[in-house]
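Chains: A, B, C and D, in written order; residue numbering restarts at 1 for each.
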Amino acid sequence: MPSRLIDAFATTSTLAEVFSDASVLAAMLRFEAALAHCQARLGVIPASAAEAIAAVDCLSAGSFAEEARQSATLAIPFVTALRSRVGAEAAEFVHYGTTSQDVLDTALVLMLREARRFLAQDHARLERRLRALSEEHASTCMIARTLLQPALPISFGLKVAGWHGAVQRSWRRLDAAFDEALALQFGGAVGTLDRFGPLGPRLAEELAKELDLPLPEAPWHAHRDRLASLVAQCGVYTGCLAKIARDISLLMQAEVGEVSEPGGGSTAMQHKRNPAGSVVTLAAAARVPGLVAAFLAAMPQEHERAAGGWQSEWPTVADVVQSVGSALAAVAGTVEGLTVHPDRMRANLEAATGS
Amino acid sequence: MPSRLIDAFATTSTLAEVFSDASVLAAMLRFEAALAHCQARLGVIPASAAEAIAAVDCLSAGSFAEEARQSATLAIPFVTALRSRVGAEAAEFVHYGTTSQDVLDTALVLMLREARRFLAQDHARLERRLRALSEEHASTCMIARTLLQPALPISFGLKVAGWHGAVQRSWRRLDAAFDEALALQFGGAVGTLDRFGPLGPRLAEELAKELDLPLPEAPWHAHRDRLASLVAQCGVYTGCLAKIARDISLLMQAEVGEVSEPGGGSTAMQHKRNPAGSVVTLAAAARVPGLVAAFLAAMPQEHERAAGGWQSEWPTVADVVQSVGSALAAVAGTVEGLTVHPDRMRANLEAATGS
Amino acid sequence: MPSRLIDAFATTSTLAEVFSDASVLAAMLRFEAALAHCQARLGVIPASAAEAIAAVDCLSAGSFAEEARQSATLAIPFVTALRSRVGAEAAEFVHYGTTSQDVLDTALVLMLREARRFLAQDHARLERRLRALSEEHASTCMIARTLLQPALPISFGLKVAGWHGAVQRSWRRLDAAFDEALALQFGGAVGTLDRFGPLGPRLAEELAKELDLPLPEAPWHAHRDRLASLVAQCGVYTGCLAKIARDISLLMQAEVGEVSEPGGGSTAMQHKRNPAGSVVTLAAAARVPGLVAAFLAAMPQEHERAAGGWQSEWPTVADVVQSVGSALAAVAGTVEGLTVHPDRMRANLEAATGS
Amino acid sequence: MPSRLIDAFATTSTLAEVFSDASVLAAMLRFEAALAHCQARLGVIPASAAEAIAAVDCLSAGSFAEEARQSATLAIPFVTALRSRVGAEAAEFVHYGTTSQDVLDTALVLMLREARRFLAQDHARLERRLRALSEEHASTCMIARTLLQPALPISFGLKVAGWHGAVQRSWRRLDAAFDEALALQFGGAVGTLDRFGPLGPRLAEELAKELDLPLPEAPWHAHRDRLASLVAQCGVYTGCLAKIARDISLLMQAEVGEVSEPGGGSTAMQHKRNPAGSVVTLAAAARVPGLVAAFLAAMPQEHERAAGGWQSEWPTVADVVQSVGSALAAVAGTVEGLTVHPDRMRANLEAATGS
């Protein structure tokens, strides 16, 4: 029942799908199926149980959200439902020897991996267009503005090159943060894989391979720095996107008129052209700094699993990534559709420099 | 497609419904119907048009979210759809003389009014139970703890009275902030009701009456202090709820054992009792400070309608109110189900004071 | 050693003085002197001890900051120093029966009371000038702008009236929050005034009277909602100040030219006029939302005194109040020195409406 | 006049010195001297002027802070004062062809370089002690705790290894962010080094060499991603420090008693031992997430130099770095002085597992 309308600028259709209930459950099922496969291969559970588990390819969210509140974990209603689906014999082998955090953290990682693909596509579009725009306008003169006042001449190409550089650097950092954060979570109840004895490390390796995720040197149940760094770099990257949108919305002011967006209309004034893409970018970006703060503030998590901090992370991470994606899609579209008005640039430059 | 599972601790079923797509559209339709009625009464539009508009009692969200991104406002696809539903004759009288922000801000206010009812109910439960618990344990001795170390004796009743006082004061402030924030938005394109000439003020009064909302002394298109104060007081109130949950989760530690929640189990350890309600409370509350910051940071909105700041508000406000509601429902349930262990309190007190 | 230069836009000289080391120590001494006086009057300590304590009218901060880190409280080095100053006989009666939090919270309240006076003066200046400006320009026509695009005509007086209304409402809320937050803290080690037996309540009343502070119904050692509400309302108020500065900086763009600040120059371009007051306002205001979040996030404080949350508050509160004061002083000066250009307003209006 | 007492837990003496007025002015003078030297070498200004400029080795802050508010930049009073110091002939060559942001950003970078050295030393201490502690206690059994409830056995060495891993990873990221952020700012009024014609690039290279700073591929006046990434990684690193402090403060509870800090006393209760180092760590860390949000929110800076966003950065960056340093110094001291109680660990383990 959450609202796509309320979140219209806070996500995109594509990313809303990546973080939908269906995706959550698919990712959780994928973890359980992969685990069961690996456990069967190592003789930890019967092959027939693994097959039964892997055969469940979807679950209905039903009242999971409501039930999750009773135990403070979504894994309990999920595992209960999965057990009831696999039949009596396989039931005890569902989620065998693992814990809530293994399935939930790994499911989050799987969703983030999917989201990253879409972000990368839009980033590539944006970077490509910025580079081209910068080259096209290498000699388009305009006035630079400091503190919102005319200063000295620059070229529009130089301005765009500045946008491009910031976006490129920030994506490189974000990309590296994704590399580090997309890691398997698998440690059992307290991170020691206690239920598997000497087979533990081998099982972890197999599971990582099965899910095509790196195996970190230790479980990260209470150490959230990799995710935190991802969230923080989302914040930096979004700041760079918003800077572009801010500049465009200012350049598009009627009194300035140096660029224009394809833009949107108004319900009250038919003739009006608005910097719609920039506005959506800025609206999406405005959400991100506070969300980053929320994630960072939740990092001092108690002992081997937090009482509140960990459980607060999902909506924060999902909101951050969707907001980045929304801002990115909007600004990429804006830059692709941007019309540049060199004549107005020249006129404003002349007005400012008196030449 | 947004996820109830990801938001399991960030909302409740009831509040998710209050902020659902259906509720958004119902609130927007209610605004348009009320406006049309009042306009018909004042002879601004034909009575038949008002009837046609009011007859539309639901719309499908369809691709509104996607279309809203093109114009940076949900009102455009909404009005377009509504026009196409009312028939050619009434179409031109839909949304007559009004603007995106009138319908969207007022719709938000209508949803907040609904949410407030549910918050008030849960607050009343919580306050009632805290008061009773405080009285029941007026003479139950325990050790007070400062900096997480035993200090001197107090009664458990005194501790609960502290919780009660903070919650009561903070609700009073939040309640007053609701009173102020639940106001009609109606100003037309730039806040001057320009389309209605001398009839403007009268129409605004009628509309306020029709929707049972106070009419502020002026439209608040670019002045968001009433909403900001509501959001901020949500933050203060939630902080008080989280303080209760923090204390309970600490008192319930096995080594302390002074209270226990009905609690939840674990997927890995069947015997374990967790402070599930406190954890859900803390998880919900952890989201709020960053969201408050996001709202406040968006307040310096440009001229007569912002380019980004206003458009960022909906998900922030909806998330804040739902997080408050989630924390409140969880802590109310926790306090109602709390078992107090005076024997352990006495034992810990004796261990600490050596008596 | 902290830097006034780094904080140039984050405080004013006046407020930096209000929150200086000397002010901190003066406020702490005032608490101890008032307490000793009241205790002597009630026969709790000898009159000679009270005189000796009250005779200490200043202390040097010396290495207090460094020592405070050893015990996690400034009160320990402070009390130690004060004891060594009053002579052997009075030493044991220094800080008698009270606790760190009593002196530190009350000292903060005394500093806030002082800060409030300066804020109130600048607010009065601002409100007065906004009201006058609004009246002067009741018929000065200009174009309203939505999403940074020209929309329809308004008067500049109406625009200023909007600023005025928001600032007035937000000050009223902030003022009420000050009323509530400026309360005595006095509870002894765990809030029970345990050391004074039946004299406790009477002593608290006397002390409140002596310091001219209201006596709350209970100590608030672990319940920070009054301060939180003050900090939050600072955030709302600052948002309204920043909105004015944003509008002015946009209106002062050379291409718009509808108002101008007395403004500041540039090290690189002698001829340039900058919206210096608006920039300082926006710079100060930008700090506040994150600080509000920091305060709110620290509210779930453990038991009868927090292990970290409380100890984080001082710099946050001091920074918030100084940032508000800096923004307020800057915007008040800006509005007082503002030059309005009705001719440019008319020209832009005509350009926009084609009339 | 800012207060070391208010900031007692928000900085250290060492870092307060790094960000003192004297350090700010020394860094600014160093920039101007280095620039003058390079300019003299390239024949841009007379050698005698460069000597006169470099001979000024200190300035008094005087009323710079107050004057900075008039122009919204500290550089104006600074340059004015420097000009008056160098004598009439050299005056025109002071700050020649450069701009506020060149000197202020580079001065910040120079201060950050100094701060980094101190952070690195304390980090090395912390990491060394964590590694040793982890090895010492590789077989010290204790109960792991999830959601603040006993779960299953682990070793204390494993717990410490978790702390160590998070701190090590986060430092590596922070260190890389320092590498990237510590770059020369030098672009002149609008980033084009317009005043130096073809000599510009050469002068920039020389200046970078003179200050031993990397020369970025372009000035970063309006592109703050490198600093933002540094600030954000400070946030992540601090979160890891605070996690250690949280665990220690919980383990040191009297009822748990598994570790103890050398700890601090209480003004009210002489016998009491407090987790003072953990408390200082948590207090310092609590400030950081909101400050990170403030920095990120200020990133969308207007055109070639922001009207507010840039001017808000100094206190934010200085506060973040000092808070990190305070948390780090406190937690390093805490870990170095930590006493571990294997007997209590065993007793709690047995109580929890019933064995």
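Methods note: contacts are C-beta pairs under 8 Å (C-beta built on N, C-alpha and C of every residue); 3 or more make two chains touch, one makes a residue touch a chain.
Note that the coordinates shown come from a computational prediction; the quantities given were computed from them, not determined experimentally.
When the C-beta pairs in contact are tallied for B-C and for B-D, the bigger tally goes to B-C.
Comparing the contact residues of chain A and chain D by number shows a mostly shared set, over half of all numbers used being common to the two copies. Averaged Cα coordinates give chain B a centre that lies 37 Å from the centre of chain D. Annotation: 28 Å between the Cα-based centres of chain B and chain C.
For chain A, residues touching at least two other chains, in rising order: 72, 145-148, 151-152, 189, 245, 249-250, 266, 268-269, 274-276, 279, 282, 285-286, 289-290, 292-294, 297, 307. If you check the complex, the residues on chain D that touch chain C are 1-13, 16-17, 19-21, 23-25, 61, 64-66, 68-76, 79, 95, 98-100, 188-189, 245, 249, 264-269, 274-287, 289-294, 297-298, 307-309, 311-312, 314-316, 318-319, 330. Remark: chain C residues 72, 144-148, 151-154, 158-159, 161-163, 165-166, 169-170, 173, 180, 189-192, 194, 217-218, 222-226, 228-229, 232-233, 235-240, 242-243, 245-247, 250, 282, 285-286, 288-290, 292-297, 299-307 touch chain B in the complex.
Residues 145-152, 249-250, 252-256, 266, 268-269, 272-276, 279, 289-290, 293, 297, 348, 351-352 of chain A are the ones touching chain C in the complex.
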